[in-house]
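First chain A sits with chain B, and in the next complex the same chain sits with chain C.
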Partner chain A sequence: MRANDKVGIVIVSHSPDVARGTADMVRQMVGEDVPLGYCGGNPDGGLGTDVAKILKAIDEAWSEKGVAILVDLGGAETNSEMAVEMLDPERQGKVVICNAPIVEGAVMAATEAWGGASLEDVRRTAEELSPQ
Partner chain B sequence: MNDWKSSSVVIRHEVGLHARPSVKLTKLAKTFASTIQISGSPEGPWIDAKSIVKVMAMKAKQDSTLYLRASGGDAASAVDALRGLVERDFDEDAAHAASG
Partner chain C sequence: MPDLGKMLDVVAERLIAHAEELTALDSAIGDADHGLNMKRGFEAVLADKVNILAKPLPEALKAIGMTLVMKVGGASGPLYGTLFMTLGKELPAEPSLADAARALTAAVEAVKARGKADFDNKTMLDVLGPVARHLGNGSATFDSVRKLAHDRAEATVPMKAIKGRASFLGERSIGHMDPGARSSELMITAICDGLEDKG
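Right after this comes the complex of A and B.
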């Protein structure tokens, strides 16, 4: 794996299009250097989220520095929590779900990750955007 | 206490310090060890140029002046590099700027 010196970013949306579009924004604005995974849609291809897809996205974005997950609505968060619980115990402590808007949070988190920030700093940067 | 290297530059980019330019400026700032701050006024308030959230929240507009200052071992090159990025219109084509 490359770029393991940077925190990875995972995008989990109900919509495959939103997930892909958000990932495009991260790629085009921040670049290719940050490990990135994304997923959207239920197993049938409709709107929703899927634990197996989230686990795969976490794998794709995996970094020893950790992984920050950005989610959109309710189920995206609960399914992401479930996915984190299914990870190996030593990985669980290196994954956080950010309380931040998905698109803005992903771009901000990736920018912070690009500079080599810690997982906690990446999360804090994304969450600076949340309503006070 | 801090020994600042300072400069200023007018933002010509047609949408100002918008999303993409903000990311570029922040990424460049992060490549320097020095403390780097920017402001829309020579009196401040100064914000951390390495904080993407704060840089984007500045919403510096086209034709406004961006004040830069840096303190640390590579302060002079940091100020030069950031001023250069703004002078080069953030290395963007005008065609891309409209959506930026």
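Right after this comes the complex of A and C.
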């Protein structure tokens, strides 16, 4: 049962293990109630990120309420921006990339999403973790 | 009209031949994957060559850019991908030198926006920006472009990195050439060699 009344969360790490581990921590907090997608690794499976995998993760986490992406390092952010620009135009406006630490940000964002918060509130909650 | 197939071969061969050097530069101030990533990207471009060459130049450049975006796997994928896609958007099917200068200037601006970077941040922009300006002033020769690209890559050595993973090193990024500046130099030199038939 896909929850379309909650913001979806996407985790994009350079490491498949970090992505999977972060997703496990999110699931422990919010169970299956929040749509979740995650990916890590370059197209060969080494450390890095992959636009095709990011697009798939966004699709898996899709919610009409929007999707918040958590990234680790620069390349994950740049590749996520590229992926968002490749979405259908009507989806593009419903996806944000959060400037937040990936593990803590994903757990906080998912907890906020679980409570039914808007995409903007989910992002704000995650970004409160970032040094100003 | 330059032969795009030959240009692709020259550029890809050059980057693949220098993959270890680029990775060594990246291991000093980054995550040691730039050479491997560029190699993966340009091997994918070569694998798609028949399809790319069936298109007019602007569409071919966009296809090259998209392949780099999808296959490189590091930040250089969207950055070089944006460069080629913007060149494809800006260049006519049979470009003059003035067209090339204008398109490269637009592409450099697009890469700046994509990377949220500026000149003198110790990046590929420090090679590509000056080359675009030089092409626009009308006096460029193959030798002057090659020399400028080389000098500008060297000029990143004393710079302090402001963008990307090298910026985590702060002052310790000083004294190393930026790998992206070097790959841009290699690409520009290869294009000059190919156009001049020294490929």
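Note that the second predicted complex is superposed on the first by the 131 of 132 C-alpha atoms of A that agree within 3 Å, B and C clash if a C-alpha of one lies under 4 Å from a C-alpha of the other, contacts with A are read in each partner's own complex, and residues count from 1 in each chain.
Heads up, the rule we're going with is that a contact is a pair of C-beta atoms (placed from the backbone, for glycine too) under 8 Å apart; a residue touches a chain by one contact, two chains touch by 3 or more.
Values in this document were obtained by computation on a predicted structure and should not be read as measured data.
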Which of chain B and chain C A:42 touches, first, second, both or neither: second
Partner chain in contact with A:81 - chain B first, chain C second, else both or neither: second
Partner chain(s) touched by A:112 [first = chain B, second = chain C, both, neither]: first
Which of chain B and chain C A:129 touches, first, second, both or neither: first
Chain B versus chain C as contact partner of A:93, first or second or both or neither: neither
First (chain B), second (chain C), both or neither touched by A:73: second
Most chain A residues touched (candidates chain B, chain C): C
Chain B versus chain C as contact partner of A:50, first or second or both or neither: second
Sites on chain A touched by chain B in the complex: 29-31, 107-108, 111-112, 114-116, 125, 128-129
For the chain A and chain C complex, residues of the former touching the latter: 14, 41-44, 46-52, 73-75, 78-79, 81-82
Touching residues (chain side chain B, partner chain A) in the complex: 19-20, 23, 26-27, 30, 50-53, 56
Residues on chain C engaged by chain A in the complex (per definition of touch): 31, 33, 36-37, 40, 69-75, 77-79, 81, 114-115, 163-165
